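The structures considered in this document are given below.
Below, subunit A partners subunit B and then partners subunit C, in two separate complexes.
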Partner chain A sequence: MPNFDYEAPTSLMSALELLAQPGENRPLAGGTDVIDQLKSNRRNADLVVDLKRIPELLNIESNGSGLHVGSAVSCTEVHNFTTEKGGFAALAESTELVGSVHIQNRGSVGGNVCNAAPSADTIPSLLIHEAVAHTASASGEREIPLIDFFAGPGQTVLEKGEILKELVLPTPSANTASAYLRFIPRNEMDIAVAGVGSLIEVDPSTNLVTKARIALASVAPTPVRAYAAEEFLEGTKIDADAIDKTADLAVGSAVPITDVRGSAEYRKELIRVLTRRTLTICLERLA
Partner chain B sequence: MTTEIRSNADGLEFKQFGKRYRKVDGDDKVTGQAVFGADFTAKGSLFAKIVRSPYAHARIVSIDTSEAEAMAGVEAVCTAADFPSDVAGDVDTGEVEIGIQFLANLIMGRRKALFEGHPVAAVAATDIHIAEEAARRIKIEWEVLPAVTDPIEAMAQDAPLLHEGLIATSLSGSADAPSNIAGHMEGGKGDVEKGFEESDVVVERTYRTALVHQGYLEPEAETVHWHADGRIEVWANSQGSFPLRQNMSNLLGVDVSKIKVMPLEVGGAFGAKNTPRVTPIAAILSQKAGKPVKIVLTREEVLKATGPASGAVVTVKMGATKDGVLKAAQSRLVFGAGGFPGSPVLRGMQTIFACYQPENSKVDAYDVVTNAPRVAAYRAPGATVATFCGESTLDDLAREIGMDPIDFRIKNASKTGDSNVDDEEYARIGIVQMLETVKASDEYNRPVKASKNGFPVGRGVGIGWWPCGIEISSARIMVNHDGGVDVTIGAVDLHGVRTGTAQVAAETLGIEPEEVYVHTADTEGIPYTGNAAGSRITRTLSQAVYKAGVSVIDQMKAKMAVRFGVDAEFVEYEGGNFYARDNQDSKVSFKEAGSLVTKNGSNIVATASNDPGMRAANGYAMAVADVEVDPDTGKVQLTDFTLFQDVGKCVNPTQVESQMQGGAVQGIGWALSEEYVYDDQGLMRNASFLDYRMPTALDLPMINTVILEEPADDGAFGIRGVGEPPIVPPPAAIGNAISDAVGVRMGRLPMSPERVFEAMKDSSK
Partner chain C sequence: MSKKQIKTTVNGVEHEILVDSTWTLLETLRDQLKLTGTKEGCSNGNCGACTVMVDGQSSCSCLVLAPEANGREITTVEGLADHGHLSPVQDAFVENSGLQCGFCTPGFMIATTALLNDNPHPTENEIRLKLAGNLCRCTGYDKIVRSVQDAAERLNKA
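What follows is the complex of A and B.
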């Protein structure tokens, strides 16, 4: 690992100035991805900028505009906050799946998003909850719907010197339920062979689905939404048959590869199983 | 408490045995005080990085080290050209053997790289970052050759040839042309064809298993200082200080007496650290630089380029009559050895049917070289794979003839005095007793717990055999001025040897373990002791300690005789006290006596080794596994697991239990998730603990243990080997449990989710 400089600014402004300097400059939140990448020479850095002393990035709150998650807030804090406040079950579940207790204490949801692994566990939950990425750079701020944030495996649309400031998730209605499940060969410390987040909003008077969001992990170069499945489910009365059909349609949105973690065929099968199971859990949660 | 001791056949009673005496090295280990290989840095040490082949099979056209050598901070660079080329003598690499020339070429590739990660050069520098950068600047021109990692493909006539001069040897002589088949061994008795004809049911299956790694916590980490006067000091991370010294002597052409090996704490080895890998490289770099050189491997290097266990392809055919007589058993075992000959296929051959007495048997074993890392011993090498294949077939056969699988096993079980396929006659064994204990156990008879997910559940059993090894162990007992006792041993402590030895010495001397201080010596401190391998240390060392202890008591009697004013033959030692036979009031405790006799300048010292003719005490273990299988994904969850093992005589239940649990867990990983994945270039695709999946605590139920005691024939205390047998039966038991749950017979290891899913899909077609 070649030498690099390290800075830990205490204001957003100075962080953005540091990151705007010439050279390969890398933000660091929990470091659970980036430190390993640097040590194993998969990524280089001239300067590493630690974001964990910047108050704005460590803030988590829910207010009239929804749930605000500062980009450096740890998975553990997000899990505890969402578990206590309710409304974001899939996010509460996925933040508790990342790595182990130690990794969750260190690793941030922002880091999980910016690392942009197709397998990242918190991203499907954020996508189904319609998260918007608020970014900042020395030249200004942007708001990017999370679905448009990813450019490929390990790649985001962030520009040089631009960081994720916070994720904002609208508050779901009371008739909404969400769930996230991933499939791993072990029971922890593993990487999703496939993952599915599902969210449904059901009109209690008609039992019709008024909103459906399904997002998939590890089956495409970026996390993806299963639009065809969502469209089918919206306006449908949800029952076991509808769930099976939705699961079949979700498979159609998966374009997995075969690698050491699983064959493309198996991953598609897992999408079917996990879609079915997450929707079933959502139904149980609404009951 | 999970351990129960359920029998005590001969009523052998020892005061200090069967007690949960506290691990003497435990405090230092849990508080981080213990010094392991990577913790030790010699004064003025350099740090080395090994340059490895990025290809699975390639000829070295040229190596240019000049740019690396010119870097500031680089103090030595070596390639195979710096190592002695004509090495001679035997090497001792434990239970999995290798010829010395092959070992030399394995340690530093000459002309050709035979697997990804094969060392071809090394650099020592003032810090590891400089060494890494210099390693990158060594320019190697390669001629890449086609690679073969599958042992069956490697046997084909048109397969890429690893060694131009490798001629297979077998009972019928030598082959006439070179191939990747290094050897063909045969065993068995009677006429299997006749046996199959006489059978009512014959089952034949072929199995494939992947390479797996021991997964020891501590990567190889060693320091060597080759002094200007020719002495070599080694701070070792090895299973045997003395074999390492001998191997270094033969590989480097240096007298044994000039080499001193100092063992540090070893963070796991399981057979792999019997083979020297980095020590000779550190030695050559140290010789060139004139300074100590430290090498610490990374996990990726450990996985790609140390010694995993063989992947294998095994065919088993068994036939029985309706009333359960095993008429014939036949097997063809093909084991991949990696880049150089010497897989443990012979051990697979010896263990596959060892628990049974088929009327007719035939086993063919092939040792095949492949472009994979050269395999090493891994806890009962060869037996886990062989047992999975044998016990899976046997289970199907029992089902087909409609007999309870344990009754079928009991009916055909091996007994004391029977012999194995290699004609080895069994010393005292208790296979039938073990099978009967399991058959009567609650673990086997209670209903399998229903799955809370509503998934299918099942139970399976498997029994595994491991002969265990024998080698020399030495011990010295010395009485201190305060009457306390020092015991010095040559065995590297991989598994609580110091603790068990304190108990054995206390038992022998009639004192308490707290009064015994056990130390592991370097090679100058004690006579020869072999590798801590083959489950043999407690068995052999306890005899050495016993012999030394008897001598200590005799010496003390002689000294006390002078004090008592009687002849030595009139001094008694009983209940921890010396006394003159005719004067009960003369009682002096061991401690007092020790202090009295040593204070006036006398020494009480005795050194002993075990009897070289001592026989190995066979070991065997049986597993009962409960599983639930996710019918949609194929994921198998182990829900209950109990291991039964005959340990002969249990010295320390806590330590025996942890060996049983640790071995069982390694077997469970082998069964369900661990495997080397190669691409078609022969490159390993999963060289990290993320994708090489060892089980975590959350993947396992409590591993229950039941200790059985059928004492072994000889040795001081009836002790059998404990460390290796527990890894042998788990894959077999789990495969049989899966078959019970979902009705599919898994022919592959690991039985990973996708494989089970595929098998279920195929069987429902």
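What follows is the complex of A and C.
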């Protein structure tokens, strides 16, 4: 482990002041990625700033402007909140897939986002629910649509001293359903070979899709949206044929690598299957 | 590197100790407080041998910095028994042979205790899913699952 100092400020302002100091200052939420990365010298730190004593970063609520998830809220809490309140099924599903229960109890959704793994399970769910990242630094605040937040594997657009403050997801209409599925070779505790989150809004009087959002994990340097598939599906009457065509188009947005978890070809086929399955689940949820 | 003064409650006993910023909770429990029931396995959150409860929630103590324990309540395997009497979870693991070498057992019993606090009537699938963060290389898991089912029955009768 590198030698670092540790501070646990109790206000956002003092956290931002600490992070703005010279040196490698690393924010810590659940620590389930950062502490492992520090131990294995994949990331360095002079100062670790624990965000878990800052009330506004631990806040989760839904109000008129949507679902607000503070950046230090654990996966377990997000899972329990979204399961109880409804409306964000894909997020409820994906927060139960990150690592083990022990990891979910500490690891935050905000941390899963800032760790920026292409395979992160919560990110496709956040993307299809059109999450906006609200960031803060000593010099001000920014709102960044989550799709613009990622710069590469493990890389975000956050600048030095800037942290994710909260994720804000607009409340979906009543005619909306979402789902997230990933493929791993075992039943639990693994990293997605590929993952797909789908969201559709369907006009019940015409059965036409009025909104489609499809996001893919583990098939590009960052999580990606399947724009061509979304554009095809919007305005279409959704049925098994439309779902098949959408799944074919989603494959076109995948630019996977071949690695120990799977070949590029296999991952593309997984995108086809998982897109079909998530859309089918969405339809079932709307029925 | 700097030292931090923390106050933490471990198994009901309050400790005021000086910890290094870079120590993990696992190191503080084992090397400083001499509570060696909590084991170090992979040290990266995959195996669950170091599972303890932090404010009632199961956590990998290898992925918690010691100063993060300030003001928190920690429960380790040493805190499960009550005045020398094994807890129902411990009894169930003993009587169902839910262990062989025993290295993973403290983590499994803490994870089981936390699971049954949250969900007193888990299905077999729920048990296997919720304990997926604890690895055992001896038992093949079946006897562990039976131990958890028996522990649930014991707790529900109590």
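Convention: the second predicted complex is superposed on the first by the 287 of 287 C-alpha atoms of A that agree within 3 Å, B and C clash if a C-alpha of one lies under 4 Å from a C-alpha of the other, contacts with A are read in each partner's own complex, and residues count from 1 in each chain.
As a working rule, a contact is a pair of C-beta atoms (placed from the backbone, for glycine too) under 8 Å apart; a residue touches a chain by one contact, two chains touch by 3 or more.
Note that the structure is a prediction, hence the values are computed from the model and not measured.
Chemist: Figure out whether A:R261 sits in contact with subunit B (first) or subunit C (second), or with both, or with neither.
Modeler: first
Chemist: Touching A:A8 in the superposition: subunit B (first), subunit C (second), both, neither?
Modeler: A:A8: touches subunit C, not subunit B.
Chemist: Where does A:N105 make contact in the superposed view: on subunit B (first), on subunit C (second), on both, or on neither?
Modeler: Once the two structures are laid over each other on A, A:N105 reaches subunit C alone.
Chemist: Contact-wise, after the overlay, does A:V273 reach subunit B, subunit C, both or neither (first, second, both, neither)?
Modeler: Touch partner of A:V273: subunit B, not subunit C.
Chemist: Of the partners subunit B and subunit C, which touch A:A287 in the superposed model: first, second, both, neither?
Modeler: neither
Chemist: With both complexes overlaid on chain A, does A:M189 touch subunit B (first), subunit C (second), both or neither?
Modeler: Both partners, subunit B and subunit C.
Chemist: Between subunit C and subunit B, which one touches more residues of subunit A when both complexes sit on the common chain A?
Modeler: The partner that reaches more residues of subunit A in the superposed model: C.
Chemist: Check subunit A for residues that touch subunit B in one structure and subunit C in the other, and list them.
Modeler: 1-3, 187-189
Chemist: Show me the residue ranges of subunit A that touch subunit B in the complex, using the header's touch definition.
Modeler: Residues 1-3, 183, 185-191, 259-263, 266, 269-270, 273 of subunit A touch subunit B in their complex.
Chemist: Show which residues of subunit C lie in contact with subunit A when the two form their complex.
Modeler: Interface residues on subunit C, with respect to subunit A: 1-2, 4, 21-22, 24, 43-46, 48, 51, 54, 57-60, 62-65, 67-68, 70, 111, 114-115, 128-130, 132-134.
Chemist: Sort out for me which residues of subunit B touch subunit A in the complex.
Modeler: It comes out as residues 129, 132-133, 632-633, 635, 637, 673, 677, 685-686, 690-691, 693, 695-696, 698-699, 752-754, 757.
Chemist: Provide the residue numbers of subunit A that touch subunit C in the complex, in ascending order.
Modeler: Listed in rising order, the residues of subunit A that touch subunit C are 1-6, 8, 28, 31-32, 35-36, 39-40, 48, 50, 52, 76, 99-103, 105-106, 187-189.
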